[in-house]
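Order of writing sets the chain letters: A, B, C and D. Residues in each chain are counted from 1.
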Amino acid sequence: MRPVMEVASDMGLDPEAVIPQGRFKAKVQLDAVRQGRPRGKLVLVTGMTPTRAGEGKTTTTVGLTQAMGHLGHQVIATLREPSLGPIFGIKGGGTGTGKATVEPQDEINIHFTGDAHAVGSAHNLLAALTDNAAQRGTVPGLTPEGVTWRRVTDVEDRALRTIVTGLGGPNNAPVRETGFDIVTASEVMAILALSAGLADLRERLSRTVVGLSGDGRPVTADDVGAVGSMMSLLRYAIQPNLVQTAEGQPVLIHTGPFGNIAHGCSSVVADRLALGYADYVITEAGFGADLGFEKFMHIKARSSSLEPSAVVLVATVRAVKMHGGVRLRDLDTPNEEAVERGMSNVDHLVRMVRSFGLPIVVAINRFPSDTPGEIAAVRARAEAAGARAAVESRVVVEGGEGGVDLAKAVVEAASGDAPKVSYMYPLEASIQDKVLALAQRV
Amino acid sequence: MRPVMEVASDMGLDPEAVIPQGRFKAKVQLDAVRQGRPRGKLVLVTGMTPTRAGEGKTTTTVGLTQAMGHLGHQVIATLREPSLGPIFGIKGGGTGTGKATVEPQDEINIHFTGDAHAVGSAHNLLAALTDNAAQRGTVPGLTPEGVTWRRVTDVEDRALRTIVTGLGGPNNAPVRETGFDIVTASEVMAILALSAGLADLRERLSRTVVGLSGDGRPVTADDVGAVGSMMSLLRYAIQPNLVQTAEGQPVLIHTGPFGNIAHGCSSVVADRLALGYADYVITEAGFGADLGFEKFMHIKARSSSLEPSAVVLVATVRAVKMHGGVRLRDLDTPNEEAVERGMSNVDHLVRMVRSFGLPIVVAINRFPSDTPGEIAAVRARAEAAGARAAVESRVVVEGGEGGVDLAKAVVEAASGDAPKVSYMYPLEASIQDKVLALAQRV
Amino acid sequence: MRPVMEVASDMGLDPEAVIPQGRFKAKVQLDAVRQGRPRGKLVLVTGMTPTRAGEGKTTTTVGLTQAMGHLGHQVIATLREPSLGPIFGIKGGGTGTGKATVEPQDEINIHFTGDAHAVGSAHNLLAALTDNAAQRGTVPGLTPEGVTWRRVTDVEDRALRTIVTGLGGPNNAPVRETGFDIVTASEVMAILALSAGLADLRERLSRTVVGLSGDGRPVTADDVGAVGSMMSLLRYAIQPNLVQTAEGQPVLIHTGPFGNIAHGCSSVVADRLALGYADYVITEAGFGADLGFEKFMHIKARSSSLEPSAVVLVATVRAVKMHGGVRLRDLDTPNEEAVERGMSNVDHLVRMVRSFGLPIVVAINRFPSDTPGEIAAVRARAEAAGARAAVESRVVVEGGEGGVDLAKAVVEAASGDAPKVSYMYPLEASIQDKVLALAQRV
Amino acid sequence: MRPVMEVASDMGLDPEAVIPQGRFKAKVQLDAVRQGRPRGKLVLVTGMTPTRAGEGKTTTTVGLTQAMGHLGHQVIATLREPSLGPIFGIKGGGTGTGKATVEPQDEINIHFTGDAHAVGSAHNLLAALTDNAAQRGTVPGLTPEGVTWRRVTDVEDRALRTIVTGLGGPNNAPVRETGFDIVTASEVMAILALSAGLADLRERLSRTVVGLSGDGRPVTADDVGAVGSMMSLLRYAIQPNLVQTAEGQPVLIHTGPFGNIAHGCSSVVADRLALGYADYVITEAGFGADLGFEKFMHIKARSSSLEPSAVVLVATVRAVKMHGGVRLRDLDTPNEEAVERGMSNVDHLVRMVRSFGLPIVVAINRFPSDTPGEIAAVRARAEAAGARAAVESRVVVEGGEGGVDLAKAVVEAASGDAPKVSYMYPLEASIQDKVLALAQRV
């Protein structure tokens, strides 16, 4: 690994803005974000509808970044923080595979730079202050029954999902039925991911609803007086974290929002920071393309002017075959018919991306068991559906070199003027119209 | 502030062993601990029995360190991590006052280097795995009723003190009455503070009791298979954290154990590290001298061979007057009679320290309202009780320069051969004999 | 009202077997039940599928009893105990209307002879003993998690539906998520209703399942040693309660089982007792005919040899119109078309009863707003569907005299040899076959 | 046993006022209570400070009643209802021993006439209505946190002592930490025991406090609209229950209040009823004389003008010896010294009763192991302390005949003018003065 200060320096960051966290991680101060028209182009990596066969979205994102570097482009990847599986010994889930990884893996997977802890503390401080306010009656109309804000934990703990708090007498009150969610599902995490800066973060936290008063009026974090303390707890968590690929390209890993309310992507500030220093910023959408791509476009891109210049859809022959009806244990057996059947999922996703007006490249993440016939079938169908190209990616085995073809196709797709994005519904549409539009197109 | 790498370098640390955490904090790897006979002498700072008047133990520790530096001694302070008051906006509680502070204060007070978060995650992971084991019956004889391990939180939250977990059906079970303590009271924090290294930490964690089986046999963290994951979470938390005084002397802040089971001091590894690089290591005992000094000697010093060469007892005229019966609002009024009455507390503590065979210096932490007569009365009585000296300390207003007299007295007291410590009871005494001995002497 | 001892004496009971409970209620000892072939014929009263318009099943049962007496027949009604609405001030729900009532209404509705209290005590004693056994480990394999037995209350109390018990430390344990049901839904009530006598009651109680051991084996009331105490609590509750109609005919009101597990009828012992002393015993099925008639036949009649000689289906023009789509507020408007549409419900029920091989009479419970045309339509359709007769009943306004036509039709229908009942499925059928058969026919 | 109607008739009750409950129990209507100056004299039976040796208070009360009958006096005993031990198989606890019993024992011990069930239903109905009101906000200022009213059960059930109610969502709310007490400790039971009639009962129920509003104002059963329904549930429970001794004298058993708030005696209406029909009414105070006698005098006698004409203090040689330091297993060994020591308890109680201005007779409840010397010692000391007489009672073995000497002594003590009672404190004394006075005298 290269020292993180060297990675920062090559990337063009003012060393004053880079705060080392160990030798290989650093926080980047928000004043390093460049204002005005971004220098770089955003490439969004998304995946097929997930199956148990896996598809390798993060791995392809990292490998494409390495390949771009190989071609001499100034490139930065922006990824979300992995969630907590690693604590129980599952390695590498969120940091790539084989020769396409982000480093230092074990530090990224456990604690990292403490952002998730900060989110948890801020979330739970708000819970404590809200319960206090409800118990003491300091917010007019707010009673314990009206509180909706739950707590979060960074450990998967089934016994905390539904609990009763406040037992042991009035000093410990209020007695309430409530529970803990996992910290990645915290609304504070979602807010952190979308905030443009400290002022925006404070504004969004202030509006966070923690309960309803007796007459149905929302009670906010501001009403219970929690915002100042939450800001103290989050002031460093809003700074993007700088690490590197296994081949030394800069990677910003920042925020890991999950759950229903979240878009599942890395942060807006990380993308903006990256776009000021690189020609290409490779980022990854959460979930599968049907859900995650749409959330990226409508929740993140639209509100933050972070529209992609090209989209990469990651597919594997194995996942295509699984969509074609093959069982997990039979995936190693060549089966072109199943590929043909399963490609309907890729077809659909390619068309959906194109309906936004965006160019799309299909990355075929190569597995040893794939046959040339199967690969060819995927490529043919993908291109027939409207993909600019469908290209094999061998980054797991070969690292950046194995992604050169893919990188070239992506550069080609992203060339020319920025695409004019066609959203599914106008921003001011009613909820009903939005849902209708989504149902028809996704 | 000086860059932390510079502080580390002046202190004599190999830069390879110093891991920066931002510009002004660093972790020090355990291989930097020097083996063999320590170079330095340990000075233990303790205080009067606490009153609401305060006495300034941390401030005196820091100011004495600065003063030692002023005199040209190689000196390091070792302090415990402040607990969580600061999150709610109370500044400086654990980092000194005026010109005698540890820096960077706000980063030390909020999150610091994440050690408390790591302790909380490890503690709560053990809770989750214990509940799982009890629910699934994987540890013979362990049922949910037998579990005694609670959970911890880093936010003061009354509603979590007593809770019922596991509601909502068998998937979320076990239903148990349990609760959360504050993370500083975690037994994992106490273990971290006493561990000599990673192997010792693993050994102590393995033995941690999480419940009783039906036949009364203790069930341990090892039995529920939690130790490996806990070690992953704690591997960096066991490294001492390096910061500095406002005048640039190195300070190691590490672990903050509180509660009944804990000794309330900074860690054994921090003291050992410091003693290898400095002539004088100034450390602070938790609580008041009656409780904290005794805990330091019997729990920490004895088991870790960290015996002090001298003891400093911090007193203030105000606290002495409060012990003499003066109310808080009347402390500014001169009252030598109350000083005489209140000095019985100082007398008692000086004699107790001397009964261990240790030289003691009384530091009179100067306040503007103190009169020369009051100061003189404290000094006379303290010396009559057996203190080597009783010296004014003006470090709050003057920084290290205001502590030069104190530093000289301490150097004088600590000179000569290491004192032969006389413990209150033999290590192998029964619990009853220990309690009896303590009651008679403390 | 006639003194209850006089009612008993007219009915032919040995005064030694009658235990007065106040002046107008009495318990009848079980040795008064006559063995051998019953003297009387059982007439089962059931109703249309319930609507908010009401249909008057209990009122018709009571009025028919009064009318039978008017005609000089020896007759006894057997009814279930009303449940607890009356406590909150709703009068007469379970004791008839107008001139067709059971007396003394207010004593029947509140406490009655204490049977429901006895059931509640027995049920809750079993709960306490089960929790004790689970906590102390006296039944091998039974842990608190395995307990399925809940508690009951005789007061509608939403806050007790889901509770956590056993808080406040190990003395009060076990901590469990459980709750209270209303006492009429107690399995002990259902058992009491079906028991043939004390020995049978003891046998059924012994088999009651209170939980599962760790290996899935059922744990019973016998296993936790509760049966003897439960029998002490229930020894008088198993004796039928004697009261009278407003016109003096004997009525046995005994047990009031409701809820999923129960058949919803009065007790087996009350029916048997009555059949030994009367020519006609008029009894009422719970719920509507679709559910309640079927439950009566398959759960009660079949296992207890209490097969009816005739069935009365209570209908009202208003309920028929409601089934025909008329809103509640429009029921007073004549609407023969709606009657035609709504009669599909009566048609269906008449055919179902006849598929059991039983003669059926439809009782049209007359309301002031009914028009002759509507009445005629109901009668025509009912007879076309296979009813022996469809007869107006005016018992609400006229008492027994208003039911004379109905009584005559019922006597006619019940004359001749006992019908040969054709059940829907053989007793030994599998659960699946039973469900299938029911779905096809009901 | 004599038919209860015969007992009632001999006692002089109008048969119209007697409502049979089975053959051997009856309720007596309140209009049978005679107004004006009572005919009879009240004799209060109390006991030594309780030990595990037992003293036989109820047995002596019953035996004295039988002996009074033997002497030809018109006599009635008034006792409280036994509490619920019998349900678990402990016989006879509250109904006497040997030949001095109240009959029918087993019916008295289980359910009796349902009064405790009625109290439980009324108590729990109030709980349900209070929770409803708190949840719906129908009583201004009453929130779930303000509710103090708990629930009751007639089964000893440790797991219900502390519970959380209202789980499972807002429909079941409010979520509260509360619990169940045993029904004898119900405040409704205490109210029933003290009420002079239906109007007084209604008035007392109305004032019952169920919680506090936010501003500290008490919220009552009247505020939550529960009083009407509670009256319906309690209308028969307020009628005294008539049974008989083993020798046929009438006994009124009515109400069984226990716990801190209760006086532990039978009801005011039972005493008043009895005093109108008998020359002597023998009643029993709850607890030991120190607590129970004082409660009888200050709570019951004073407020209800039910002042005793004489007091009987029940003592046994065994209990005296236990107060003298003898262990339970050594009580059969003669030990006059221990008797002398233990008599300090009897001395004290005799003096306390006399300080009220009341004549006192000590009844020595004879055991086979008592020696003449021990008996003599008790007698001498008791008379020296101021008892009118100390007389052997052999009612356990001989029935009424064995109590003739005692009865004669009681008649003698109760002869002459009614004693002028001297209370410990004026009715209008402050709480502090009352406590002070009690501490000095009891």
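By our rule, a contact is a pair of C-beta atoms (placed from the backbone, for glycine too) under 8 Å apart; a residue touches a chain by one contact, two chains touch by 3 or more.
These numbers come from a predicted model, not from an experiment.
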Touching chain A and chain C alike are B, D
With chain centres defined as mean CA positions, report which chain is farthest from chain B. C
Separation of the C-alpha centres, chain C versus chain D, in whole Å, is 41
Between the Cα centroids of chain B and chain C the separation in whole angstrom comes to 73
Touching two or more other chains in chain C are residues 164, 166-168, 173-174, 176-177
Run through the chains and report each pair that touches. A-B, A-D, B-C, C-D
For the complex, which residues does chain D have touching chain A? 135, 137, 143-145, 164, 166-170, 173-177, 214
Residues of chain B touching chain A in the complex: 19-23, 27, 87-89, 110-111, 114, 117-118, 121, 124-125, 127-128, 131-132, 151, 153-168, 171-174, 176-177, 179, 228-229, 232-233, 236
